[in-house]
Each structure stands twice: as structure tokens, then as C-alpha cells.
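One structure is given below, represented as C-alpha cells, and several questions about it will come after.
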Amino acid sequence: MQRIRGMMRDRAAEMLRSGSVSKVLGWEKGEFAYDETPAIFTSADELCSDNELGGLVYDGFSSAMLSKYLINATKKDKEGKAPKALVFLKPCDSYSFAHLLKERKVERENVYAVGVECRGMLDIEKIRLKGAKSIKSVEESGDSVNVSSFTKDYTFPRGEVLLEKCVTCKGLDFKYCDEVIGGGNEINWNRLDRFAGVEMIEEMTPEERFNFWRGELSRCIRCNACRNACPVCSCNKCVFDNTDSGVQSKANADSFEENMFHIIRAFHVAGRCTDCGECSRVCPRNIPLQLLNRKFIKDIDALYGEYQAGEDIEQKSPLTDYQFGDAEPSVIYKRGGGV
Amino acid sequence: MPIDEKGTFRPKIVAFCCNWCSYAGADLAGSSRLNYPADIKIIRVPCSCRVNPLFMLRAFQRGADGVIMCGCHPGDCHYTSGNYFARRRMTLLFGMLDYLGIEKGRTRVEWVSAAEGQKFAGTMNQFAETVKSLGECRRIEDLRCKESVG
Amino acid sequence: MFVCWCGSNIAATVDVEAVTEAVRTEPGVVVATNSQYMCSEGWQSSIRNAVAEHKLTGIVVCACSPRMHEPTFRKAAAAAGMNPYMVEIANIREQCSWIHKDKPEATEKAIILARAAVAKLNLDKPLTAGESPVTKRALVIGGGIAGIQTALDIADAGYEVDIVEKSPTIGGKMAMLDKTFPTLDCSACILTPKMVDAAAAEKISLYTYSEVESVKGFVGNFTVEIRKHARSVNSELCTGCGVCMEKCPSKKTKSEFNQGLSNRSAIYIPFAQAIPNVPVIDREACIKFQTGKCGVCEKVCTAKAVDYEQQDEIVTKQYGAIVAATGFNPIKLDNFDEFAYSQSPDVITSLEFERLCNAAGPTKGHVVRPSDHEEPKTIVFVQCVGSRSTVDCGKTYCSKICCMYTAKHAMLLREKYPGTEVYVFYIDVRTPGKSFDEFYRRAVEEYNVHYVKGMVGKVAPEDGHLRVQASDLIADKQIIIDADLVVLAPAIEPDPSARALGTMLTASMDTNDFFTEAHPKLRPVESPTAGIFLSGVCQGPKDIPDTVAQAGAAASKVIGLLSKDKLIGNPCVAECNEPLCNGCSACELVCPYGAITYEEKPVFDHGVRETRRVASVNEALCQGCGACTVTCPSGAMDLKGFTNLQIMAEVDAICR
Amino acid sequence: MPVHVDEKKWAADITLSSGANVKKCMKCGKCSGACPNYAEMDIHPHKFVSMINDCDVSALLASKSIWKCLSCFACVERCPRDVKPANIIEAVRTRVLAPQGQNRLTPEGLPKFIKDLGEDAEKIPQQLLASAFRKYSR
Amino acid sequence: MKFSYFPGCTLKTKAKELDSAARGAAEVLGVEIEELDEWQCCGAVYPLARDEIATRLSAARALIDAKRKGQDLLTLCSACHHVIKRVNDDMKTDADMRGKVNNYVQPEAPYEGETRVVHYLEMLRDNVGFGEIKKLVTNPLKDRKIGAYYGCMLLRPSSVMSFDNPENPRIIEDFISAIGAEPVIYPYRNECCGGYLALEDRGISKDMSSRVMRSAAKAGADSIITACPLCLYNLNENGTGELPVRYFTELLAEALGVKSEGGLARAC
């Protein structure tokens, strides 16, 4: 990781110095060892500094996706000129980047996209659940993660403390990148089927399903973190904020009313969701929102042929396309469970 | 639970019908005096592709017990392709509602041409029967809305 | 708010008084009243008075289906000085009073429907329909009798009209027929003059051996691409002398015009009176095209008209109206081999029989068996082959023309060959039409044709005969006839080109691929798609008199359209709320009319001025389906007259 | 036409068991035109359809046609309305065979047939015996 | 290519040559045939009445066995093919019947008509290919004019059997061409032979079988082939006697040069 970070710094600094790009989208250290945040660097010095908070970092906690920041980072100025930005993209981030290109939220010429090797991002919650409290530092070495707290040191197998979205990683290919640092597209950790969670719910009885979702969704506090992190949710003005849309936000409503928000949001991104998993990752209430989006992906794959948003930006998304012989909506009646 | 004098449950059912085929089919059912329950109220839309899944959710949220959408048969859309898009949208929506534990019988799509008054009435009778047997839909309803309106 | 009784149609099951009272207190309602017949002239003027008196800005009418009287009430509103699109109709007849028996129940529903209409009206905005000019030229697709008659009538009114015909000549099926029922006059004698007129008319242009490639646009402004297939003969130079056909060494192709009963050359004119009288080269059959060697026709052509290099040509033209006149074909009989059609040459279709009867046909009008050219002594006609059938290979409808032409065939046979025995197996003899039943009775009474009620169960070709096994339902016995010739009356079906054309025209079709009319009784020659008209069998089975009548009716509708200088469009079109638009192109992808384009535009959003990529709707192209509105993730696209808020208001009103 | 109550029920039972829809018949007679064993029958295939429709069942139960139908499906195949006359004939036959002791062919009766066949009897395939028993007994 | 195989009773007794020739030929053609372990008589006629369950069970069991093995079910006798294919169609399309049969048989998973029922002729046409057979023929039956006799059960009702065009079939004709002989088409090749009426009313069978045989002879055939033991019996015993009748597999074996006990020894 240190090696990769070095290569990233060198490359980005070179691009900034030569003026090929005017900003670099990367990560910088947060307050703790595990809360890196997205950062925009405009000078090589800033980027390479190694003081407390400064400087570009890249490790197991660089999980935040930077793709969506490109929208604002490449916005035209008053003269109508758009700045060019270098962005570091993990494989799954590159799909979201591609999707933004497809929907013309970002213009390809304004971006220099650098893919960076990913070996799965770490989940601080999982580390905590394993007993590590008051964490001081986290070191990654090979297949293990060494955590030292103020009281004790721990070593965990890397595979056990990966983010949920990485456990069900969809692959390590890079899309639409100008270059790639590091590499290797072999997933070397124990990966679970990404639809396993969806299938588990599908196998429940309708009553169980309903109760499951009521339990999950009732925790929602409508903080909008899911929406803000989502690379597809990039409307200029969200329908939930628009008083003329008829579905504008109703704060403090009955708890289960919130599921309208999540169903509508899931439907809005259906056929467009790149399955990046940011929604689940950022949810402060740990609602498994990705299970909603993956349900649509699974149904789309099964009914209309496999489709991966961001794979090919020329391809029509499933909801703007059709076939004469498409399944009738009545197919759902044939599925097991309930009436 | 809305119950009439005779003590039977009266569901609220919203039907979205496209102007060119299904609405005309409903008119034909009417002029042929084919009976179906008064619980069904039709909303006219230009094409099934105008029906936003949001409208269906809205109906449930406001207390509907069943929602049905009717359009031209695939291949016969007045606007060539509208019902194909609608078909995909509704298929995915219904799959999602099922996934959330909403009974499948509360949602339905049926293709009814302007000539199919008989089919229209038959479909509506059948659908109303199914919804009736499922009883009141409390699940997705936004209780707060109901109280504030009234 | 106006509630109609529709005589007793509504008032019998809906308490109109209660409905009136119930909606009086709805928000926005100023006046609520009811009357016997809202659509009557008297009441329309009361509506006008009420508008003036109460300064109404919108009207809700509780009456019959908006498909019936929406235009009427809109006109009334306009006459009262209101915006005509501020009218909403609650359908309390077709969708309420006619289907419910219980009065309280029906009344309750009527009130809810009225409330929904009020809720929608409250969100209505005045709309102005756009205007578009009318291209004063019509396109007729199909050059049979239907197309020819339609074109002649349109041209006669002074408008230009083009006929596109996919075969090398106009004339269609009628040109193949021998005599016509019920008068027995010769088909060619009455058709050929019309063909000549069409060719000679200054206002008519013929595109034969041509097909419609694409159709874009909308009523008044269609843009059509016509593919003129390469004839390989220059029409300007050709004199129609026919030497090329005589000398052509490739003479083994089955003649389409003679239903395969004779052969033709590779360079050919389908029949002597063909228009235009210019041959085409069938490149599949031509030795020159297949092997590169030959070129006889080019050598013998003194006019130097043969042109092997000729290419297909695409002509693009503008039209104000399009008439579909694509006609029919008898169905293929592969799935009816109990009648041995593909096992014996002596089992023929009625259209083949027409060619055998025809003096200009392959046998010069001698009715002989195709197998051995002997005159048949016993002839069996089988009706309803594939018609009125609910199995896969058949058609559910009655083909309408078979009863009459079979009576004609039987009569012609008995007249020409008095020594023959002629049997007709029928299920019902259907003869509605002027002088039709009399015609059929003559076949029975004067010509001694044996009409047997019953169906043929099997035809077995054996010993040079056709052993016909059939039932005679009246005598309740099974009969066996050793026939020499069996003539089948196949069901007729729309020409296969109609399906693709229907898609191009966005004209709806029924399950049998016949074009659907806008109203089965009141608008029988118009398609539901504005600007598309229907002529002849493409709309449903018809005989010649009906076809010609419908062709004239379609022409008069076209003339009515072309006589207008401007058309009022549909104001219920999509609209883009630019500050909300993301520029994602999703709407563009689902628009069936190409009405949405993207532009870089300055947008004011919260006081910030930005140049953004936003969707823009061409109101003239938009037909108002609403596909874009649902696909739009940000809700920027909305449909005027059916806005998101309006539909949700209706939902709310119904569910409250 | 007044119909005997029981016959009405029989007709309904037979219709149900046959899976045929007699209402679809358009009385074209193609079934009877197609039937290869028409001559041996007293009531013909098309009449089975119309008589079931008219609930005229007793006559059908007494008809010898039910023993003459070969189940060759020519009528089913060629019917333009998918009415399935052979299924109706079969349903009538099963109804006749249903009560105890109504079997037309019994194992005890078999030797007589076989004797009639003389020395050809040994050539009889199993298939013939099995199908005859299925058709003639329960 | 591996198939589950349902021979049926008659092929174990009176029609051994139909079976043995088929097995011999299959070997040459590279088709593996695995006889079902425990099959019972199919009943020889399909029960038309929808309320008869018991008479459908043996066919259902065979279908379920084949499903268990994950193989297509190969049949040879026309009657067995007819019965099994139609019962399979019931299992696919008639929910009521499906429920009842599954209730009786109690398979590990409910059977819903998943097994494909393939007649030996269909296997020759679709899996091996007549072109391929032509190549494998070592002893083409030159100068033989053969009339195909289909009878009723292979073809009708076509909506279920979907074997070939029911009024103008060609599969056996194509087969005849493939083994080097000349097919003769005659109009009564798809009409009934008299079927089971042979037992009770031989006169009818005589009329019908004679009509078929005369029709073939008039059309110029020198022999008739069939796939059905009852048809063969009727044509042989109740026909005019003017033409020999053989099973199609016998000629296939002959053309492929398969040595067989019994079957080929019969003179014709």
C-alpha cells in the first residue's frame, strides 16, 4: 500500500506541476487512524506533505468513492471554462465514474482518471465488533490487519474485517481510466455471492419480509447520507427536496412512512445503480440499503439479460430499453411465497 | 376497515387506464352494461407509460387496497412503444413490492384493447375479488396522511 | 360543476341531485347544477351563461365518457370565452351508472369521480394548442382497386397524390379476377379504365415496384422515404414493345400473376394491361445477374432501355395525409392438407380458379385440370377453408367474399360446361348485399349447382381422381364424391407488409393484423392515429363494391384534411422544467417521436446563472404519451394536462 | 324444450369429463366428414356434440357409436373450432361403463374372441388386448 | 447422446424385432439407450376423460424416472409414445391433473412435465440427423419403393404430439430416403387401420386396413413400414395381403448392416 501511495503521489504531483490538471481528487487523513476523508489537492506540495492531516493517503480506509465529487470539481466557471481534475478510482468507483459520463454529469475531457489497485476496504465497525476499542492505529500487512489500541494489540485476518460491499465485490476491472496504478484483477479474498442477501429475503414468507423491512427501515432518520453518497443520485434538485414534486420530504413522519423514501429512491436508481454499495456503507443506522438496489439488479439480470451499469456507456439502460418478448408483470405471481 | 351496511369489506381500488385502448375498453364494458364492483375507480392517462410507479405507491400510501394498470396490448400501443416501457417498470416495481412483503395480489397489469369490454369487466371483477380476499392493506399506508386529511 | 342525467341513462342509477350537493362544497366549486341532457344545445348555452355570470375559470362535467363529448364541452367552454382545456369530465355513465345496479353505491362512486375531476381541474392550467401547416399532398400505400379509387378521388379534388405499389404494376387482386359478382361483368373491363385514369391523371404520381421505407412526422407533416427498387429497365426509354420478354432465355419462373399456373420470363410484365407497361428484371431468375453471361434483352432492346447497373433509389417526400390500402392475400394452405392442396395439382384455390376461368389467363379461359389438362366433369367447392376457425392455422373471422365468388364460380362453370356436376360444401351461405341472395339462389335454382350443407373431411388423390369424403348434415349421411377438380375457398388475411407499415405509421392493428379504425361505426375509414386513413381490405374483409365505397370515403376524409391550411395540435405535450433537468438523456432515449433534443442553455437556478445541457421538447412532434415523464429521474419532465401533481391529486381524491 | 333433470346433470358431467367445449361448435360437420368409421355409427360425431348441448343424453348412452369410435382423432385434428368430438364420445363411453357389471369385455369373455380368430390368435399383440380392455371395460 | 428408454409390453413379446433392430441400429448411430428400471404398461390408449387419474400413473412414473436421470425419454411404439407424450402434456398444462398425479406418485419434487418425450424417429431426425444416417448406411435399400404408414397415434392431435404436419407428414418419407429407398406417398397413410376394433369387429378392421394397403399398392409401393405393432398386426392380418409390412427399425438395421437375431431372418 505504501508503494502504491508513493506511485500515486508521484504521478499526481507530476500532473499538477506540469499543469495538465488543476486539481487532484484523493484522500487525506482524518482525526483518527480510520476515518480518511476525500480531499481536493491543488498543489503538489500540499499533496506530498506528511504532516498530521495533510497529504494524499491511500490504504484500507480510503473507502469513500471520489467519482461523485467530479461533478462539482469539473463544473464550468463563469467564463464557461471547465477545470481539469485528476481523480483516483478504485475498481468499483470506476463504474460509477462511467455512469456519470453516460448521464453527462461529467465530461470525459475534463477528467484524468487514474485507477488504483484495491484489495478490499476495511470495516472499522467489524474491527470494533471483534473487541478492539479505543483504536490508536491500524497497520495492514499482507493478509492480516494489525490493530493497536491504547490497551492491547490485535491481529485479524484481512478477510474477516472487510466492508460488506467488498465481501461481495463485483470485480476488479477498471472502466474508462486513463491509466492504472498497481493492478491485478484477481480477487484473492473469500468472496460471497452478491445476491445471497437478496435470495435470503426472497426465501422468507411475505410476513417475514415485511417485518424484516419494517425493522430495518424504521431505523431511518432521514439524514440523506445514502442519497448524498450515491453516485447515481446526482440530480440538480432531488424530488424529495422539491415542493412541487408531490413527494417532498416529510420529516418526523410515522416511522414506516420512510419506506416510501427508500422505495422511491431505489426505483429512481433502478437500471442505473452501479452496485457500489456506498449507500449501505455510509448509513449511520446500518440499514442494508444495498439489498434494495440489488433486488432490482437481480430482477433485471434475470428478466432482461445481465446488465452492469457503468460497464459500457453506449449501452441503453434496461429501463430505457425494451424487447417485444419481455416478461409480463405477471411473472411475479409465479414466484414462491404469498398471494 | 371500510365496511358497508351488509357487513362486507369494500376495498379501495385505483385503476390506471390508457386513453386509447383500456379506457375505451372500459367504456365498451359500460355501454355493454357489464357489471363490475363500484370499488374500482378509473384514472385516465394518455398511455400506460405515463403511469409513474410513484403514483401506485402514492395510492397505497393514501389507503388504496389494490392498484391495477391497464394498457394496449404489446405491439398495439398508440404511441408505438409506451407499454413496453411500462411493462418493464411495473414488472420491477411489483417485484420490489413483493420483496417488501406487500401481497402480490394487490398489484396487477392487464392489457385490454378497445374491443375487449368483456375482458375489462372480467379482469376488474377478478381483481376486485382478489383484493377483497386480501382485506385492507395496512402495510404500506402512511397513517399520518390519513389522519391529517380526515 | 355540471351534472348530466343523460335522460335516464345516468339518473336511473345515480342520484344526480346528491352528486350535485356533494360536490358543491368542494374547494373551488362556485356553481353546481344538473340537467337532463348536458350535450344539448340549450344546456350548452346555459353553461355559457354560467361562465359569464360567475366568471368561471374551469368546468367539471359529470356525464358520459370524455371519449364521447369532451370536444363538445371544450367547444362550449371556448365559446363562453374560457380556455377550452379548463374542462374536466367525470365519466359517470360508462364507468358508473351503466355498470352498477345499486343506486347508493353508484351515487357514492359518482361523487368520488366528481371529486377527482375537481381535484384535477384545480391544478389545470390554461393551455394553448400549437398550430402546424398542412402539406397539401397525400400518399396512398397500395395500388389495388382501393388505392386507385382513393387516389383518383383525391386527385379529382385538386390535390396531389402519390401511389406506392410494391409489385411492378398497379391493379392488385382485382386485375386477376375474371368476372365480378353479382352482375357478372368482366373485372378487367371495369378496372383497366381506372388504371389508365390513374396513370394519366396529372395530379397522380405512380411509384410501382416501390415500398415505403420510413415514415416520420405527424398529421399534416409526414416525411416519407420511398424505396424505388431497381427495375433494371429505364422507364423513360422503354416503349413496352415486349421483344425482350420474347427473347429472354430464362422462362421457368412461376408467374405470380397467374398464381403459379404458368411460367414467365426473367424480364417480364405481369400482364398485358399492366401499368406502367414497363418490364422489370427478376434478378433472382435472370441469367445475366446470376452468371454474368447472357445480356440478350439488352441486345434486342432497340430503345436501349435495359440497364443492368440500375440501383435502388430512395425518394423522400412530404405528405399531409397517408392512406393505407395494402389489401390482402389468401392464406397459405400448408396446414390444411386434409384437402390435399400440396399433394395434388388438381386441388386449387379460388384465386387460381379465377385465373383458369380468365380468357387472358394461362389456359385462355378453358377450365382444365392442371395435372392433365383434361376438362373436369365433377367439381367440388369447399367453403370456409381457414375462415371462422379458432385453431392456430385458421382465422376467427368470416372472410366475407367467399360465399359470393363461389356462387359465381359455380354458375360460370355450369354455364360454360353444362355437362359438369358442381358441388358446393358450405357451413352457412352468407349473402348480405344488394342482389346477393338472388344471385346465390340463381346458382341453385337455374344453374342446378348442388349446395350441400356440411364440410369436407378428407380429399384423397387416387386413381387420377380426388376422392372427396364429406358430410351432408341435412341428409345426415357421409358422402363420397369422386371429383376431378377441388376448389378451396381460403380465408383472406392482410398483406404481410401491413404489419411493418402499421408500426411505421404508429397505426394500431387488431390481433389479425387488420388496421383498427378510430371508431367501428362512426369513424370507419380513419385510423386512431391522426392523419392516417384506411381503404379496402387492410381494414377488414370486403368485396369490391364495399372497397370502392370505403376508398371514396377515405378520400373525402383526406380531402377534408388537405383543404385546411393549418391544424390545431394537441396542447397536452411534455414540458421540461429546465432548472430541474439533469441533462441525462434518458427521456431522449424513450421518446418514440424524436421530439426531445438537448441544448446547451443558460439556466437560472437559485439566482445562479449557469450554462447547462437541458432537454428541449419540440411541441409539434410531441404526441403527449408521457414516456419521458416517468423515465426522468429528477421530475423535470412533466406532461401538460396530465401533470404529476394532477394525477396524484386524482389518486388522493379517490383514496381519501 | 323441456329437459329431464338427470340428463341435464349427465350432460354437464360428460362435458366436464371430456374437457370439450360444445358451445364452440359451429355445426359445420367436418368431424363427421372426417370420420373413417362413420358408416358403422348410428349417431354421428357432430350429433354427439349437439346432443350434449341439448342435454339429450339417454340416446347417446344407448348408441352403438360409442363402441365403434376408433379414437383415431381425425375429428379432433380437423375440427376448425377445437371442439374435440372424440373426447365427448369417450366421456359417454366411460359413463356407460361406470356402473358395476357393465364391462363389455371381460377376461372370461376373451377366449371367445380369440377362438373366433382361429390360428391368427397367436399373432395378437399385447397392445391390442390392452387397448381393447381399456376401451371396453373398467 | 443418452436416452431413457420406454420399450412397452408389445416390444417385449410380439414385436421383439421392432425393439431389437432399434437397439442394434442405435449402437451403430452412437446413441446410448438406457431402459428404465421399472416400467409398467402404458395402458395402450390415452384416457381422454379428464377425471381419470389411475390410468395416467404408469406414464407419469416413467416420466418422473426419466426426469430423475436427467434424460430425455425415448419411445418406439406409437401407442406408448402417444400415451406418454399426452400425459406429459397434461402434467405441463393441467394444474388440477398435475396436483392429483403428484399426490398419488409422491415424487421427491413435484413433476411438472419437465421430461422431453422423444420418439425414435424424432431422435433419428433431430439428434442424429437423416444426413448423418445416409452417411452411415452400408447397405442402401436401392430399388425399393416403400410406403410409410403413420396411422393415427404418432400424428394426432398435432397440437400435443407436434410430431409432423398431421395431414402431410414427411418424417418417415425422409427416413426412407435416408436408407436409400424411394418413398411412396399415398393418401391413406394417416388414416386409421381399425385399431382395437380388430378384436370385436374384424370386418371393420379388414375394411380399413385393406383400404390403406390398396392405396399404398396403387401408388406403387412394394412394401409398407410402420412404427406401431397394432398397425402392423392389422395390416398383415386384416389387409389385402398384397404388400409386406415391416417395422421401420428393421429396415434401418438392415441398411446399417446390423446383424440381428429373429427380425431380419423373416423373409419379406
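All chains are identified by letter, namely A, B, C, D and E, in their written order; residue positions are counted from 1 within each chain.
We adopt the following convention: a contact is a pair of C-beta atoms (placed from the backbone, for glycine too) under 8 Å apart; a residue touches a chain by one contact, two chains touch by 3 or more.
Here the structure is a predicted model, which means the values were calculated and not measured.
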item	value
Minimum number of chain-to-chain touching steps separating chain B from chain D	2
Identity of the chain that, by mean CA position, is farthest from chain C	A
Most distant chain from chain B, judged by the mean position of its C-alpha atoms	E
Intercentroid distance (Cα basis), chain E paired with chain D, Å	24
Chain centre separation in whole Å, for chain E relative to chain C (CA means)	48
Separation of chain A from chain D, taking each centre as the mean of its C-alpha atoms, in whole Å	71
Averaged-CA centre spacing for the pair chain E and chain A, given as whole angstrom	62
Residue list for chain D, restricted to those that touch at least two other chains	74, 77
Residue numbers of chain E (touch at least two other chains)	167, 191
For chain C, residues contacting two or more additional chains	338, 391, 458, 590, 631, 644, 648
Full enumeration of touching chain pairs	A-B, A-C, B-C, C-D, C-E, D-E
Interfacial residue positions of chain A with respect to chain C in the complex	76, 80, 103-105, 234-239, 242, 244-246, 268-269, 272, 316-317, 319-321
Interfacial residue positions of chain B with respect to chain C in the complex	12, 14, 19-21, 23-24, 26-27, 29-31, 33-36, 38, 41-47, 49-55, 58-59, 62-64, 72-73, 75-82, 85-86, 89, 113-115, 121, 149-150
Parts of chain B lying in touch with chain A, wherever the complex brings them together	53-54, 57-58, 61, 74-75, 81, 84-85, 87-96, 98-105, 107-109, 130, 134, 139-140, 142-145
Touch list for chain D against partner chain E, complex	16-19, 36-37, 40, 67-68, 70-74, 76-77, 86-87, 90-91, 94, 105, 113, 116-117, 120, 123-132, 134-136
Touching residues on chain C, where the partner in the complex is chain B	65-68, 91, 93-96, 98-102, 105-106, 108-109, 112-113, 116, 503, 506, 508-511, 516, 528-529, 572, 590, 592, 623-627, 629-631, 639, 642, 644, 647-648, 650-652, 654-656
